[in-house]
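Below, subunit A partners subunit B and then partners subunit C, in two separate complexes.
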Partner chain A sequence: MYQVTEKRDVPPNIKMFKVRAPAVSRKAAPGQFVIVRTDERGERIPITIAGAEPEEDTVTVYFAEVGASTRDLGRLGEGDGILNFSGPLGNAIPVKGYGEVLCVAGGVFQGVNLYLAKALRGEGNRVTCVQVAKGMDHLFLVDEAREACDESYAVVDDDEGGGLKGLVARLLDEKKMSRVFTFGPVPMQRAVAELASARGVPSSVNLYPVMVDGTGMCGACRVTVGGATRFACIDGPEFDGASVDFDELTSRLRYYTPQEKIAMVLNERGVI
Partner chain B sequence: MSGDAGSSRVGVFLCSCGTNIGGVIDIPRLAESARKIPGVIYVEANLHTCSSEGIAHIKEAIRAHGLERVVVAACTPRTHEPLFMAAVEEAGLNRYLFQMVNIREHDSWVHGRERESANEKAEYLVRMAVAKARFLEPEEEREVEVAGSALVVGAGVAGMTAALNLAGKGFQVYLIEKEAQTGGLVGKLHTLFPGGRDAREFLEPLVEAVKGSDMIQLHLGSKVAKVEGSIGSFAVTIQSGSNTLTAEVGAIIVATGAEALTPEGYYMYGSHGGVVTQLELEERLRLGSPIPPTVAFIQCVGSMESRGRTYCSRVCCGVSLKNAVHLKRLDASREVYILYRDLQASGVELEALYREALEAGVKFVNYVPEEQPKVAVGADNSLHLAVHDTLQGASLDLQPGLVVLATPLVQHDGGRELAGALRVPLTQDGFFLEAHPKMRPVDFASDGIYLCGSAHSPKGVAESITQGLAAASRASIPLTRGVVKAEAVTAVLDPDKCVGCGACASGCAFDAIEWTPVGMPRVNETSCKGCGVCAVECPVGAMQLRYFKDTQLLPAVRAALEPAPWACETHPERPVVLVYACRWCSYAAADFAGVMRLEYPANVRIVLVPCSGRVDFSHIYQGFSSGADGVVVAGCLKGQCHYVDGNVLAERRIEAARKALEVLGIGGERLDMFFCSAGMPRDFAQHMRDFTGRVQGLGRVDRAAPAFTSPESQDAEVR
Partner chain C sequence: MASGAPQVDMPKQAPEERKSNFDEVALGYSEEQALAEASRCLGCKNPRCVKGCPVGVDIPGFIGLVKERRYVEAARRIKETNSLPAVCGRVCPQESQCQMSCVLGVKGQPVAIGRLERYAADYERSSGAQGPARTTRGGGRVAVVGSGPSGLTVAAELQKKGHQADVYESLHAAGGVLMYGIPEFRLPKDIVQAEIEYVKGLGVNLHLDSTVGRLLTVGELLRAGYDAVFIGSGAGLPHFLRVPGENLKGVYSANEFLIRTNLMKAYRFPEYRTPITVGRSVAVIGGGNVAMDSARCALRLGGEKVYIVYRRGKGELPARLEEAENAEEEGVEFMYQTNPVRFIGDDRGYVTRMECVRMELGEPDASGRRSPSPIKGSEFLLDVDTVIVAIGQSPNPIIQQTTDGLEATRWGTIVVDEETMATSISGVYAGGDVVSGAATVISAMGAGKAAAASIHNYIEKRGQSAT
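Right after this comes the complex of A and B.
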């Protein structure tokens, strides 16, 4: 069992866990993920690693309670154990000297974004960070971002900047960005990637299609990138934003919604 | 469910409909039972609730008793809901605080021989309506202003006709044509059929009128690059070379026509100059080029194929007949053959043209697709055409100087591109798909976009003009009114629950989900048609459909199935079937079954939904846990969904739900998907009899089974 050593409620539906997992903690790097199973009947949930504290043997993760399984996970408290916590899986994002970089994250991915931003800054990059949330009360890690990055912005609605697209476009136009990194819901990442591509700036998107084993055996997480079939778990989760077939990805993401709804209804009624 | 019990000021009006309802249903007894329903403070029985007296009573009661919700139990809401909604509104209540339940077509008319069960069903149906009514919320039909201008894409005969018609009504028209000149396909013809009129002569007044109109802005060599917005205010980006122009229009007409297939690879086309297309022949005739003494037309070149282009292009037979007659007229000694598979010369004028061709001496040769004619080149570069004439049972060897290939009209790249920009569907054959082939032949399913001419499917000139006029007429309705009422029953998002995954947007057939500045979905209430597909697609329950929210549907389903404490069940052992019926097909089919007195068991209870695509697993599961022993989700026939593909999505979900019911031990066979149209009342009644019989065989569902009990409550029982 992997013990939850710290639990924090972050704005609506989002939880932060520190989990004691010494081996994962020693090897984790930004961009990698773990696959978590709450109990023996639990679904396998891929969660992006948002920090590693090898000195404490812990790994930090943030997750949104959106379905039956994440809700079950969120019910655990400090001291409770998680059955499986396997990782680090996937490839680490290459952290090297790019120059001027932009990191854009939506929703639950603020922790992950900061983990990467800090690492990039450690390599001497100038890091601008954009935090995207659907409302003020859904925004978190704002002070931390301000401290960790050279510049940081938060977008919550349509104030002057023309929203997320307006802000990202302006930052890309004003600064000579060498690369854009983005985490978040697929439509949001797609918008960021398209803005970058239109200006010839390379972009990294981070994709989490349905995953099962996370080790390249099942093929559930396939994504078409540059016309070739790739597995998000072992070839990604980071891919070149200009080459991803987003239409196919969006349609594949919908494939299991009937099953997800069934699980949610039965979970709500306490049947499963 | 929340602790909120909804409104407790509900008024219930029970209609006897003369003896139509009252002859079977004991209305005083039903009123007695309705008085006991929680939340009901007023019950009135009327001989005819829809009479002016009945309407006056509703209005009076709303004022006198401070009613907050009104329920009418009578006939079908499909005919009478607007009347009662208007009455409720006149009395100062929002019209959506009204709920109607059908105890005539769905009860007294079909269960007359099971009087006791019919009465019990009526009680359930009234409880169902009250339960939903208590949770109804006021909804607004927003008015959207309509710009007094239109976009017509394509300046062929259909497009120019539509543009002139709209211009004549005083609307500004942007007429876009991809070619450098107007006229479309007709502009490339020599003469028209039937009648043989000169094509250019025919076009000239039309073109002159378009060019002379102050109200038409003609953009030649242009295309539609982008379309945003919806009915009333479409923002259209028009691209002419390197220039772009943005226009705001209230309506759009698609008149992009079609192009003739270039028969690459057929009958040596391209490798011998004597093999030409119909258009190339027209060009020769127009220029007066010499024509050889023997000419053979081959019909159905590249159409009516077993795969791919399976359709008949309709106009090619007429064109060949016209040209064959013309060639005979020019020189009566010329040999003219028409090699056909299935000569289409229907109607008065084409039949006359066919007779004229026969009289002129045109020779008709029938071939079958299994034995295609063969074209070969002789040593002297002459053409040899071998064909087996099935009618004479003989093989012919012709030596035509000219072989004319009648190829079908096909969609062009411009049309496909436009379909993408407008987000409107194409058929399998690549042509634009109308909203309904009979009821709405020149509309698209998306409001404010209309269709005419060969863009829809291959058409002659007369039909293109008819459709051009029809499309202009349809478009002028919103343009003339200046405002459109947006649908009040639209999707509504709870942004707190939303995770921004975009499932709603990719499930929406109307592109009615926009994105907020932070990249979260937002419902465009003008484009939303109210099917509820997005509410079911949403994996986290953030999307709901107004007037059919889960908070409204689920209490209704419970009330439709769970026995009231004060009412005893007559047949507790009898299985109950719950039907989620789409308002466009099965609900209407049930209405017609009522009109035709087609009986089915009274233990079938029907819940109205806007589309089978609105039915979620929570509704199905609620049905089983509240007392249903079988659940039917009834949607339109495939290809006929009012909302494009809600029924297909529903079927996919039903398959998943069946598996879950199997695992839960309830049994997948208790969940049924049924496709029908409004015109299939016999099938509907038969299916209800069959399915109820099957469920009868399965017996009642064990509601004490683990599938319905949470681990907590099981623990509680142990303790």
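Right after this comes the complex of A and C.
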């Protein structure tokens, strides 16, 4: 069992957990994820790592309660145990000297974005951070981002494209960015990648398709990148934003939507 | 005389009944049946069956104990060389190993060694007889990567030789392919776990949720004080056909389909949270045991029409005959000399049809089987809601990618000395599917046994040179 040592609610449906997992905390790096299973009946849920505190033996994660499985997880409180917490999985994003970089993330990925931004700044990059959410009260870690980055922006954008697009375009036009990193909903990452590509700036997108084992065994997380099938869990999750087939990714992410809806309703009614 | 009598059949669930449940298909011998079958064994002085067994089980010895109704002792006798008898009694291809070498098989039917192995192992387990005491320490420390058949064998063997084996497993359950791959109805998971409990009882430490190559690398394990490392990480990377439409929803790798079904118990969705989709018409691509397992799972998950689509002919099926027959009895339809060319989907991205081409068989290829080639103009469409691609797996690449100096082939298998199972790194050994490519449970166990013997020698020698 892996103990939840700290829990925080973030609107509208996000939970922050610090989880005691000493070995994982010593190894985790930005871009990597853990696979979490709440209990014996649980799904294996991939969650991106948003921080590691080896001195406290803990790993920080944020997750949105979007289905029965994440609700089960969100019901755990401080002191409760998570049955499985496996990681770090996936490749770490290479944290090195790029120069001027832009980190853009939406929704639940704001914590992950800051984790990467801090690491990049530690390597001497000049980091501009953009955090986007659907409502004012859905923005979190705003002060921390201001402190940790050279420049930081918090944007409210409810169609994942409007205000954010304008800001990202302006930042890309004003500064000579060496690379853009992005995390979050597919339409947002796609928009950011397209803006970067249009200006000849390389972009890193971070993809979380449906996964089961997270170690290369099942192939559920296959994505088409540059015309070839890759597994997000072992070849990614970071990919070149200019080469990803986002339409296929969007379609595959909706694979189990009907089943998830059923499970969610039964879960809300306490049937399962 | 008994040896002239035919093999005693093992009762099975009737096909009509079993195709809609996940309970074990083969029901096992009764005591009376076991005694009748055991009485057929001649107890050869120079038993050929033992030579046919990759781990060298004392077959006449344990069958002799069955004859005397000393079932617990019979199971113990098997466990001297094989820590997983209830598993092997169920999933070993005995017909091409021990039973193929049985003298009785020359003129009639061989002794049903696997069924007797299963009987003895099941008897011991249900009798609640205590396992052997933990062995005493004093030897070396060995990290074992992967808790599948090879890893469990290495760990158990080393423990018996006085070493401490620590097993690192990536998934949340130990057993490897025995848990995620082979279905419940062929190998019940509580039986796998009971045999793993036996291995743990020998003193083996089991670390779950621990992906070597990510959480810890092989180099880090050696630096952390392990005398040796055994890599038994299996053949976990699924192959795809590389044809258009393969990433449509509804197209699964067999690995994913079986992991969802077996390890995650998706057949009990939504109580168990992992979903699976099985439409009315299911095509399984491939002709091996994994294809048979997938097809039989698909039937049990509600598939009305389940096809095995195989590019060669019936005579070339790589699956065990018994498994293909079981599938056929349950209603799986076989489409031989047929190969998918592309998958076609609807506007929501779900697969709806599969274009196939008929194949003709030419001269034998490198595998000794006749090589298939497409017949021009024979293309046709098949309506499918679910496709399961079961055309093989190669080794998981994580360890090879994260271990400096570890020699691998271009297929990703780890290169070893075939006798000692030693890799290109001193103190690092490997065995099972990660070396051979996808093969059988028992051949992985044989490799584990060989590796354990060389690791033992390696540690002993090291100890001598250190003093």
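Here is the rule we use: the second predicted complex is superposed on the first by the 266 of 272 C-alpha atoms of A that agree within 3 Å, B and C clash if a C-alpha of one lies under 4 Å from a C-alpha of the other, contacts with A are read in each partner's own complex, and residues count from 1 in each chain.
Rule of thumb we're sticking to: a residue touches a chain if its C-beta (ideal position, glycine included) is under 8 Å from a C-beta of that chain, and two chains touch if they have at least 3 such contacts.
Owing to the predicted nature of the structure, the values given are computational and were not obtained by experimental measurement.
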A:251 touches, of subunit B and subunit C: first, second, both or neither? both
Contacts of A:200 with subunit B and subunit C, given as first, second, both or neither: neither
First, second, both or neither for A:262, with subunit B first and subunit C second: both
Partner chain in contact with A:106 - subunit B first, subunit C second, else both or neither: first
Touching partner for A:227 - first (subunit B), second (subunit C), both, neither: neither
Which of subunit B and subunit C A:24 touches, first, second, both or neither: second
Touched partner set for A:72, first subunit B, second subunit C, both or neither: second
Touching both subunit B and subunit C, residues of subunit A: 251, 254, 259-260, 262, 266
Contact set on subunit A toward subunit B in their complex: 12-13, 64, 66-67, 106-107, 132-135, 138, 155-158, 162-166, 184-188, 191, 250-251, 253-254, 257-262, 264-266, 269-271
Subunit B residues within the subunit A interface of the complex: 495-503, 505-507, 515-521, 536-541, 616-618, 621, 625, 652-653, 655-657, 660, 664, 706-713
Residues of subunit C touching subunit A in the complex: 170-172, 180, 208-211, 214-216, 236-238, 240, 242, 246-247, 249, 252-253, 255-256, 259-260, 264-265, 269-275, 277, 348-349, 396-398
Parts of subunit A lying in touch with subunit C, wherever the complex brings them together: 23-24, 27, 32, 37, 41-44, 68-69, 72, 83-89, 212-213, 215-220, 222, 224, 229, 234, 248, 251-252, 254-256, 259-260, 262-263, 266-267, 272
